[in-house]
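Here it is: the structure, laid out below.
By letter and in written order, the chains are A, B, C and D; residue numbering begins at 1 in each of them.
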Amino acid sequence: MAKVLRWDVMVGVLLIVVFGYGSLTSPSFATAGNLSFALSDLGEIALIALAMTMLVVAAEVDLSVASVLGLSSALVGSLWDAGLAIETIIPIAVLAGALCGLVNGLLVTRLGLPSLAVTIGTLALYRGLAYVVLGDRAVAQFPPQFVSLAVDDVPGTPIPYPVALFVLLAAIVGVVLHATGFGRSLYAIGAQEQAAFFAGIRVKRIKLLLFVVSGTVAAFAGVVFTLRYGSARADNGLGIELAVIAAVLLGGVDFDGGKGTLGGVIAGVLLIGLLRNLLMLGDVSTEIQSIVTGLLLIVSVLTPRLVSLAKPAALLRATSRANLKGSP
Amino acid sequence: MTPTRLTAVTALLALGVAACGGTTKSSVTSAPAPAPASSSAAAKADPNAPIKQGLKIAFLPKQINNPYETIVDNAGIEAAKEYGGEAKEVGPSDASASSQISYINTLTQQGHDAILIAANDANAVCGPLQQARDKGIKIVSYDSDASPECRDLFINQASSEEVGRSQVKLLAGMIGNKGEIAILSATANATNQNTWIEFMKDELGKPEYKDMKLVKVAYGDDDDQKSFTQTQGLLQAYPNLKGIISPTTVGVSAAARYISGSKYKGKVTLTGLGTPNQMRQFVKDKTVEKFALWNPKDLGYLASYAAAALVSGQITGAEGETFKAGKLGERTIGKQGEVILGPPFTFDAANIDQFDF
Amino acid sequence: MTTATAPPEQVSPARSARNLVDLVFRARELSLVIALAVLVGVTAGVNGNFLSSQGVQDILLNTSILALLAVGQSMVVITRNLDLSVGSVVGLVAFVTGDFLASGGGIVPAVLLGIAIGAGCGLLNGLLVSFCRVPALVVTLGTLYVIQGVDHYIAHGRQINAVNLPPGLLSLGNGSVLGVPYLPLITLVIMLAIGYYLRSYASGREYYAIGSSPEAARLAGVPVRRRILTAYLVSGCLAGLAGVLWLARFGTVIADSAHGWELLVVSAVVVGGVAITGGVGSVYGAALGALLLTTIGSALVVLRVNSFWQQAITGALLLLAISVDRVLALRVARLLRNRSRHG
Amino acid sequence: MSDAPALALSNVSKSFGAVRALRDVSLELFAGEAHALAGENGAGKSTLVKTLAGVHRPDSGQVLLNGEPVVFAGPADAQQAGVAVIYQEPTLFPDLSVAENIFMGRQPRRSLGRIDRKAMHDATRELFGRLGVALDPEQPSRGLSIADQQLVEIAKAISRDARVLVMDEPTAALSGNEVARLFSVVEALREHGCAILFISHRLDEIFELCQRVTTLRDGEWIASEPVSGLTHDDLVRRMVGRELGTLYPKQDAEVGEVALQVERLTREGVFTDVSFEVRRGEIVALAGLVGAGRSEVARAIFGVDRWDAGAVSVDGVRLPAGSPTAAMGAGLALVPEDRRQQGLVMELSIERNIGLTGLRDLRKGVTISRKAERDRAKDWAVRLRLKFARLSDGVGVLSGGNQQKVVLAKWLATGPSVLIVDEPTRGIDVGTKAEVHRLLSELAGQGIAVLMISSDLPEVLGMADRVLVMHEGRLTAELSRAEATEESVMTAATGRAA
């Protein structure tokens, strides 16, 4: 595809358009307070999207992230209720997330199961475990100094701490993905797993690691989520895996793997978040927001395909790839 | 390899925090409670202040597709027209605290005079509500309360104690104070439900109910289909069940529907809180003899007026203050900023056709 | 192979290889039946009420809508695709037909309206997947959002009450003929028809061919796009019908009927032995999977197990099902390989 | 029978991206005639077959059916017109039964259009009887050996009662008996007025079965003529376009120590008890039929597959089973059989593909040094005379030969002591082929041990110092350069002697 037509660039442009439109039409949109709200609302989705980007680039997917987030939140709640110190609870919750990721990864790499099926299963399993751990209870009253870490802005800026953490992690993931050998391996695995394996890349080990990272990040996001809302519940983050995947795909990462940039994903996350914020400020109803999200998702996969289908030579490749996809 | 590092950074972060010493629940709760309700309460109430014109208020229900909430909110919006204000209803399509919070933030940004909220989670919504109050926005909770320290008023549909106790009395009267009973609730962390259930249990502790035994509290999550299957399960698991109390509009209608089509009809007594329109069919086909509810329209109406009174400075939310709520007349603020709509009303075959909501 | 020189001796290993494979795949559905029997046996042992006519009727009624959706979904999954939008189609149809009936519409037009809406949604999914070649997961996720949004937009906090619906419809949902409720009968008839079609008709076999090897199907002249489109259309129609039945069964509906059911349906299909990678499985298995999942749900309540376990068990079952399938497939492949080499 | 050919191509051209697969090719297939299509790997035979089958549509030129121009919109159209095709790689549905594979879309029907399974199984048995195959019609095709799969494909094509039967290397995996039976069936079909297009690398078969032969070279039509007037050498000259000698510039190199030692290597059901060694400076060829287990041995040595028993050492160091990373570390390199799936990441650029084997070496601190990556690619591109526009171009735009050079560059850049090449010249043009051969010869001269797997018999004979032959998973012969002839290799490969 020609450079000008790169989808991630288009998403970036779209983001600027939305931002510009918002600033002009809604007086409360481009205020520090509102943007700070909008950003921290995106916090967990953005964090998980970082790990998800690496997975999807490597042609895998993790649908269980929201459930891991819920499980982590439930663990935080029940352990806190049981009188453990929050400093002990957080590492336990994060470790549990890593374990969840490990289970996903082992099922995918050892048994060679499709990650889609595996993580649909663990999506139900982990959410179920979250309910088993905490039931329908809601645990609150977390220590204020920790809650403020999840809520307050970095002193002197309108940037909430979780957002600052995201920026830091995004920088790390950006370097990993785009400038290291590990990142190169991910693209090679995603585009042509066999060729990557034949080139001596430890495909299984890398995939396993990615799932562990995904689980860990999701659990960490669960801790942030719990503290930010000051409420630990088993149903926390229900369904946000869809928002994460929508953002990643909207950002131009190909669901078949091997393509996409982190910049695109960040633009995708922001676009979804700001658009939602703008629609809410404009009193556009929830129903329309849902329709807009769905359409964005469809358009984000449809447009690149249509562009490539317009070229006959690429058609052939797309066809054979589409057919290869999903073979066991 | 850097993702390993990423994991390490995360772990370090967590461990680093761990090194600072333990913060446990007991150390937090034993510490002095956070500052009580904010400064606005210190302001002086002026009962004679006129209601301000052009007030902007917003209703934030648990979720927008809950018909009960829609009735309440629409009545509130109507009420706002009466006193020359402008009201709207916004909200999430799922009953989760986190999506409600996005809306609180948005409403804060839009600069409303008051936000009326039916909280999905009393604690989770607290932080954002505080931030709204810091900007001078009045917070009125209705239907389901938020933590008292982060709202100005709570419009309670009925005294929780009265709801709880009256439900037990209603059922006991129909089953002759005898037999196994169960409760079909909404979600287990719905504040209002749990308060009622506590009072029900307390009431059942009285000697006259010694032959009644509460065997199970089931949760239908305010999901029609789940409530339906939970009812099935209850009746199978407890074959000697004599009565069910379902203090939620979704639960009671689902349970009634199951019982009306099953062999349990006429054997198991069902009561609870439901709207006449939902229950009319089951009262007529004798599945349900009696059930109770307040008028949801009055609830929205009262909440709307209370918000207007707060914003106009007629009241501050302190106990004992009074305000005029249009056609509902004068109301007094009770303990912890609660305003009670009134006792629940009992519907039966004789009176149900007089109501349409 | 030296087949030509000694045909008689060659037959037996080939036969036994087939028997082995047969056994494994039969065992798959058999194991579901056994699991179901054990579950029902234990539960009924603890509480006899579980097997009372009312108890059995309840389970059948509860299963029928899920099984109907699973039958449609398995057609899509057999072609190596996925339809996540079924849950929101049920929601949309249940509300719209409810609205239609409440405002005086007839039952037959309402059923047709429901199926037509479902068909429209299926057509949209099918066109996007088969002609635009976009990944099924993403597209149907997108249409899930869109259809749900449309549903909520139409409903907007309203509720359809049983009292406003024609009694004929409600008796369809709860009535029975000779003690067997209508709903499971409808599902059974549709399941048998689709199962028979997939097994006994040339075009039915092509769905399996596409899922087994899309490239080979194309070379064999199978109309791949048309079949995939049809699979989505059938799934959509059945989701539409399920929406009407939902209305008939529950009477009272708001916008979010069957919210989140897409994963339950996929679980039922996969637990029922339809390979998520396509080409393998039957609609009977899928319906059995739905029956098993529903029965587990009911049994947990009756056994007085904390119902929070239900979701975890569903997930664990799904993982177990795909893992066992995979391990068996690897074993069988290895055995066949050895036989063909040393045969 | 009319005079018009049953099926014909007239001035057909077809390109894929930058690669021109067919240029102005014409071909006429007459009823009752077996027509051979000869040409080297990459000459365009498979593209021609797919054009006849309706898979590809020609960019220019026409397909003629009974003299009338037709446009096949897809394979279904071609089948409708009576064209049956056996593709080079079997295209079966692994989950469906053998009988269903054969009759997909044309199952015998009962009343109401239902499939008559019994009739279908009987018909399958009857077909297998004609072919002398003993397979169970109800067995799923998953797990069939390559030969059995090929037999099912043949049964499928024959069952169509086609007017035109196209067979793209149907005999590559078959034993002598099976080939003989196939030929008698084909002969019968031909006598019934079927037109047959036959492709094989075994020239003997062409002379045995066919009446006319069309030769392609580099996608261009060279000649169509009766077989009777031709000799082997004539045909080879037409295919290759020059004297054979220059294609195989093998020079003698000094043979040194053992670099690769394979001892009693076994992978259950795939190959058994394979032992051999390759010395520095030596080119050892591993020959045999498709499916004999050659590539599988290479894959196991390199660690892509696990082995169940035996040992592999490189320069005296034993390798762990199943670790390509360890194999690379020990100095092994594998240029795999399937370039598009295994050799290259088609969506990545030339430089990234070449850099893929050296992600550790190219590090500067934590990140990859783009300069080092580019230098490595540039260096090898020049050394291998790669033809490219920019190193940042995707490898997809290169021709097959140049793609193969990228694969070679990627592996040579790791400085291997043992180089395994699997079908190194499959599907590349003659010029590049000679270059690859020269390169292999040079590498051996530099003391690298080369293990070459090839189905191209002249290549095996022209390049190898020693030839190992496999049959059904076992080594059946080890032949010195002097002993190796087309005859001796084929004998060992088909197990006729064994």
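One rule holds in what follows: a residue touches a chain if its C-beta (ideal position, glycine included) is under 8 Å from a C-beta of that chain, and two chains touch if they have at least 3 such contacts.
All figures in this text were calculated on a predicted structure; none of them were measured in a lab.
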| item | value |
| --- | --- |
| Pair joined by more contacting C-beta pairs (A-D or A-C) | A-C |
| Of all other chains, the one whose Cα centre sits farthest from chain B | D |
| Between chain D and chain A, distance of the C-alpha-averaged centres to the nearest whole Å | 43 |
| Between chain C and chain A, distance of the C-alpha-averaged centres to the nearest whole Å | 29 |
| Intercentroid distance (Cα basis), chain D paired with chain B, Å | 72 |
| Centre-of-Cα separation between chain B and chain A, whole angstrom | 33 |
| Residues of chain D touching at least two other chains | 366 |
| Multi-chain contact sites of chain A, meaning residues that touch two or more partners | 135-136, 175, 180, 182, 239, 285-287, 290 |
| Multi-chain contact sites of chain B, meaning residues that touch two or more partners | 2, 64, 93, 219 |
| All chain pairs that touch each other | A-B, A-C, A-D, B-C, C-D |
| Touch list for chain C against partner chain A, complex | 80, 82, 128, 132-135, 137-139, 141-150, 152-153, 156, 213-215, 218, 260, 263, 266-267, 270, 275-278, 306, 308-316, 318-319, 322-323, 326-327, 329 |
| Residue numbers on chain C that touch chain D, as the complex places them | 1-5, 7-8, 10-11, 14-15, 17-18, 21, 199-202, 205-206, 208-209, 211-213, 215-223, 275, 279-280, 332-342 |
| Chain A residues touching chain C - in the complex, by the definition given at the top | 61, 107, 111-114, 116-118, 120-129, 131-132, 135-136, 234, 239, 242, 245-246, 249, 255-256, 285-298, 301-302, 305-306, 309, 318-320, 322-328 |
| Sites on chain A touched by chain B in the complex | 28, 31, 33-34, 37-38, 41, 54, 80-81, 83-88, 90-91, 94, 98, 135-138, 140-147, 151, 169, 172-173, 175-176, 180, 182, 209-210, 212-213, 216-217, 220, 225, 228-231, 233, 235-239, 276-277, 280-281, 283, 285-287, 290 |
| Parts of chain D lying in touch with chain C, wherever the complex brings them together | 53, 55, 74-80, 85, 87, 91-96, 100, 104-107, 109, 113-115, 132-136, 138-140, 142-145, 147-148, 175, 177-178, 181, 268-270, 472-473 |
